[in-house]
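Below, chain A partners chain B and then partners chain C, in two separate complexes.
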Partner chain A sequence: MKTPVKPALEESGDAMTRRRVLSWLSGFGLFGSLIITALSNLIFIKPRATYGQPNRFSIGKPEDFPPGARVSLDTRRVCIVRDGDKVAAISTTCTHLGCIISVSETGFSCPCHGSRYDQDGNVTGGPAPRALPWFQVSLAPNGEIEVDKDTEIEAGNYLRV
Partner chain B sequence: MSTRVTLAVVSFVVLIVHGIVFYDQFFNRWEKHQTAYFEQARSLAKTDAEKHALDERGPRIEQIIVTQFGESRVDRCATCHIASDDPRFQGHADPLRTHPYSAALGDVERNGHWERRHKFTDFGCTICHDGQGRGLETFYAHGEDAFWPDPMLGYVTQANWHAEFKAKLTGKEYMQANCAQCHTEDNFAGAPLVQRGRQLFFEKACYGCHRIEGLSNGTLGPDLSEVGKKFKVNYLWEHTVNPRSFQPTSFMPKFDLTDDEIKALTVFLKSRRGINFAETSLGQYRARLQHTKAEETSKTQSSTPSAVRGEQLISERSCTACHKLGDRDGHIAPDLSYEGLIRDEDWMMAHFREPKSRIPDSIMPVFGFAEADFHSISSYLKTRSTPASFKTGEEIYKNLCARCHGEKGDGKGVTYLYLDPAPRDLAKVAFMNSKPEDRFSQALKTGVSGTSMPPWERVLTEEQRRAVLTFVFQTFVKEPRPELKAHRVPEQNPVAFSGDSVHRGEQIFLQRCTGCHGRKADGKGPNSLDISPRPRNLRNSFFVNSVPDKRFFDSILYGVQGTAMPSWIDYGLTQNDVGDLINFVRSMNPQKVSPPSEKAPTLTSQVKQEVLCQGCK
Partner chain C sequence: MSNQTTTSPWKTLVALPENIWRSIFRNPLPSSDLGRASTSFTNFFLHLHPVKVHRNSLKATFTLGLGLISFFLFFILVVTGILLMFYYVPSTTQAYDRMLDLRGTVAFGIFLRNMHRWAAHGMVAAVFLHMCRVFLTGSYKPPREFNWVLGMLLLLVTLFMSFTGYLLPWDQLAFWAITVGTSIASYAPLVGKDVKFILLGDSTVGQEALLRFYVLHVAVLPAVLSLLVAIHFWRIRKDGGLSRPAEEDALPADAPAPVEVISGPAVVMATSAAAAAAAQPVLQKRQYGIQGLVRGPFTKVGNVPDRSVFAWPNLFMAELVVFLITVAGVLLVSLLFNAPLEEPVNVMHPPNPAKAPWYFLGLQEQVSYSAFWGGVGIPTIEVLLLLIVPYIDRKIVGVGRWFAQERLLANFLFLTFVIVNVILIIVGTFFRGPNWEFVSPW
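Presenting the complex of A and B:
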């Protein structure tokens, strides 16, 4: 710590310059710690983990979902859609007021205020403002399908299994 | 000048300290593990999509919230052990290693792929492994803290276990205790040690004293229903090996157990946590209800009592875990081999119903068997009526006396710790040579009432009894008997029994005797712990009623040689004082003791009040 200070002393010999160097150094140290403190406070505020069920979860092997299946997992609030060898996960939380919506013949319907969606989650009726989001689906190394509710993807993107 | 330099230096130090703290707090080891995992997984990835997905994943806390088994658990183990469910990492180093697949755990292999029976997303990790699921650092997560009740099992924390049994109990074996949290069925093959432990709990008669919800109803010892939750494995192990290692005053006997048996018992006890993960509270209630019903029906279904059934019951109910009967010997309680000649059926039945009603300081628990079972056992014991055929005094002593009085006659046979009053030290010359010979022959003949010394009258002939007495005096006492000085004591108590006399006796007792005999006259005064033999329990009615006034006078006035009882004539007690004392002691021990409910001493109301209230004063 002292090493950067000493050469400055020897080199200049000028009192004003040395004083300036020293004050720059102190300022750098103090402001640096201030920034680090602020940064750590900001990081600290954001929770690293919450006590809900995890947003990335596996739902079982692709064989569990036969082609053409539309299985609604109510506890996870997703609907697993399998079309041939393509798999996707569509949210089953109504975009209107957050009720759990159920699978109907034409797509999805909300029991609370009668919102209706088509097979791909686009709004076809009722008060719902937006289409249902699609979540990223991937194949975990142990061969199970993994849904990541943190990552929304564009409608129509399927995972081939 | 120098202040500026100091300021610069200090501000730099502050910056560095902040930097270190920042690094320490926000650059975690688990992040490094996860980054390493992503890198390795990327090199193993086969498709671009897989690689792309890995690129998008950054380090974060992975947690499983288990809600199906008891209280919900938060297991963050997968934060470091992120590859635990990735089959490509088999044989890698910890923590990036696949959790082994095992057919014993119910994992199934199909077309080269293993499928787990216990999926981590459903079961979590700590349910089998213990440890602290929320911990994100090794120290906290594995519970290496010496005070954490359930450290992670097996390999890591075994290092902290007590050296004595480290080699004897592996983590894998210990883990069976956790299997039994859900697999409660009696014949679950996955947890053989729990099985064996449960068997031993009955074989070693633990059930007689201890209660375990749904298994046994003993009341003498602590309830063990939740013992696994309360105590760590090292306590359970050592307490089973030697009950006095933690509690010097414990009267739990030390049972004959091999290392394997102790291991099974420890694992079994560790599995008693009072909760069953797999059951709801409603299910638990239903099971308890069914159990009590089954118990009631088994109690009412009494078979006709018979000696054959009695013999069967003695093995079934493990009487010989403590008692000796023929070849079987538990080294704790008296020999029953000649019981048919020693006690009659009434005595046995009363003793079965409440052992303390015949031997007041007995440690034998009250077994809640059906009355018919007791009848069966006593009718079997009645058949044990062949007199002993031993010839010489030595033979008789070795076979009948040494078990309590010890091979050396010092009163320290295998059972001495569990008998109260303790067996007489026959090698104490001062005592042995100060009592008239007929006292010993009488004790041999009729036994000592209220103690474990049985009457040998019908087991041994008079000749045999004389032989064994001669053997004792020749071998243990050795010194020749001196001429006994006749003490001047009255045959009968000259002081008439009256409320006044009892009251005076009580006053003297409280002043002179309580230090050893205790305020309750139960022989447990403050000095009693340091005295051997222990002071008499003067509320042992059987004993007190069997002692004539003359012996009382002799013992109090002239003391008992070889014991701590002094000669009270030297301390100024007159014959009348002693007469009062005897009346007081007799007043606490009514002549006729029948059912235990009427055992309370019949005192005059005033004395009663004082005696009983003194306990609380």
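Presenting the complex of A and C:
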């Protein structure tokens, strides 16, 4: 080594010695691997596939829902509304804390904390912070109505059948 | 060695039981101070304890034994929990049947479940009351700030333990309490939705959620809790023992200065004596090595009145008494009352009202006004304030006394927080009926 070596190499204040650079690098390496490990655990624990109910499902032919019907499918957590020749699917999961709401005369009401909604799912009382979402409804090739709970649409958008 | 070789096989045989005994228990029951001192050193189960403790820190009216009660309840929960695991299956189709089996077929099944449930309720209460004790006696002040923080983490982990255990019976109460609870989590800004999804492993409470809560409840959280408890206990000694009422008689004016440790940062023990020494001008500095300190965190060298007593038997007897009272209490309650079990889960019909366990009813009451502020905003602010308290309120006055005059404001604010929460819990428990509307309990 040709470069002159400073005296008291290790402890010489803020000079960037080789040892210091190496310790910083190993420090970053160790700390970095710790973060990467933690992140991989987070990725691991977030499921890529769920085993519960699918969010896209068919609910039967339009004839199963006579005009004026408001049928709450509790297992699917969705209420099928038929108004004349128009069909829509409104969520029956309370926007407050996820309880299942039931169909009432004036619209919907939640048994858990007393939230109330009108026929279109707009909040009329209680602690619910926002209106019930409407889900995308489409006609499958086999003539059945298909609900896609992953796609929310604007309230008042009906499907003509 | 030569002696050994000459002993007859017969003598070896005669001495065998004693030799085996001596190899396990090196020391006889202590009859001298030296023996009493060495019990804490030589016994694996006792070496967590100091050799000597201050007489005043043993006062039952000061600590009320709440920390010990919390720990012993945790111990009971681990034992009964492991036993219950032999018969429990975390499956939505089997869990509830297994609860019924505990009632009907498993020997002592109902009793073990009662013990587990009531000890869990008791632990939440004991940990909370322990926090109140520490606050109202000013015991969180330096040098005990970090142990207060650890205690707060322990309270949160205890609540989470209880929350995860709540789902496992898979009855109506469990299902809807977890539905409501995880929805509260989803109101957290930015990460809320992901936290809920990761907790449940699905978009709704179901099999994945049951499995996840089970793993958290029986493996992850107990490990975290045990580690935190170990550090919490270790810190008690490193922070100079429990805070305690002051000595009855003041130090004589010409007493030598308390110990000053010079052996390097690794052995600095922040005793209250050292804190006092830092506050007053020290007349005479002495230097002692680690040997002078290892006998106890507040060893006094010189002719300062020694108010400490040997841990054996004083501290151990006190601990034994608290343990026996705790076990007796849990046994008695478990004999008298059965742990509730509602109808099996019916996803279609939430009970009305759907109520969380009592210690979350204050939260649920807040949530009924505003989901974000009641469920996330205010609790977060409360926890952060409690965590930061020892770093704001640093003046070392009124430590070791209940309701010290000098701490009037701090105690007033804390008691307000406690009373408001107790009132919310009472309202949520007794004054809320169907649709969470106000009802009168009488």
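Please note the rule applied: the second predicted complex is superposed on the first by the 113 of 161 C-alpha atoms of A that agree within 3 Å, B and C clash if a C-alpha of one lies under 4 Å from a C-alpha of the other, contacts with A are read in each partner's own complex, and residues count from 1 in each chain.
Everything that follows uses one rule, which is that a residue touches a chain if its C-beta (ideal position, glycine included) is under 8 Å from a C-beta of that chain, and two chains touch if they have at least 3 such contacts.
None of these values were measured; they are calculated from a predicted model.
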| item | value |
| --- | --- |
| Which of chain B and chain C A:54 touches, first, second, both or neither | first |
| Contacts of A:97 with chain B and chain C, given as first, second, both or neither | second |
| First, second, both or neither for A:109, with chain B first and chain C second | second |
| Partner chain(s) touched by A:156 [first = chain B, second = chain C, both, neither] | neither |
| Partner chain in contact with A:67 - chain B first, chain C second, else both or neither | neither |
| Chain B versus chain C as contact partner of A:22, first or second or both or neither | first |
| Partner chain(s) touched by A:45 [first = chain B, second = chain C, both, neither] | second |
| Chain B versus chain C as contact partner of A:125, first or second or both or neither | neither |
| More chain A residues in contact [chain B versus chain C] | B |
| Doubly contacted residues of chain A, that is, touched by chain B and again by chain C | 51-53 |
| Contact set on chain B toward chain A in their complex | 4-5, 7-19, 21-22, 25-26, 41, 49-50, 53, 56, 60-65, 74, 76, 85-88, 113, 121 |
| Residue ranges of chain A in contact with chain B within the complex | 1-2, 5, 19, 22-23, 25-30, 32-33, 36-37, 39-40, 43, 48-49, 51-54, 57-58, 136, 138-143, 151 |
| In the complex, chain C residues that touch chain A | 176, 179-180, 182-184, 186, 194, 197-198, 201-204, 206-208, 347-354, 367-372, 434-437 |
| Residues of chain A that touch chain C when the two form their complex | 42, 45-47, 50-53, 55, 74-75, 77, 96-100, 109-114, 127, 129 |
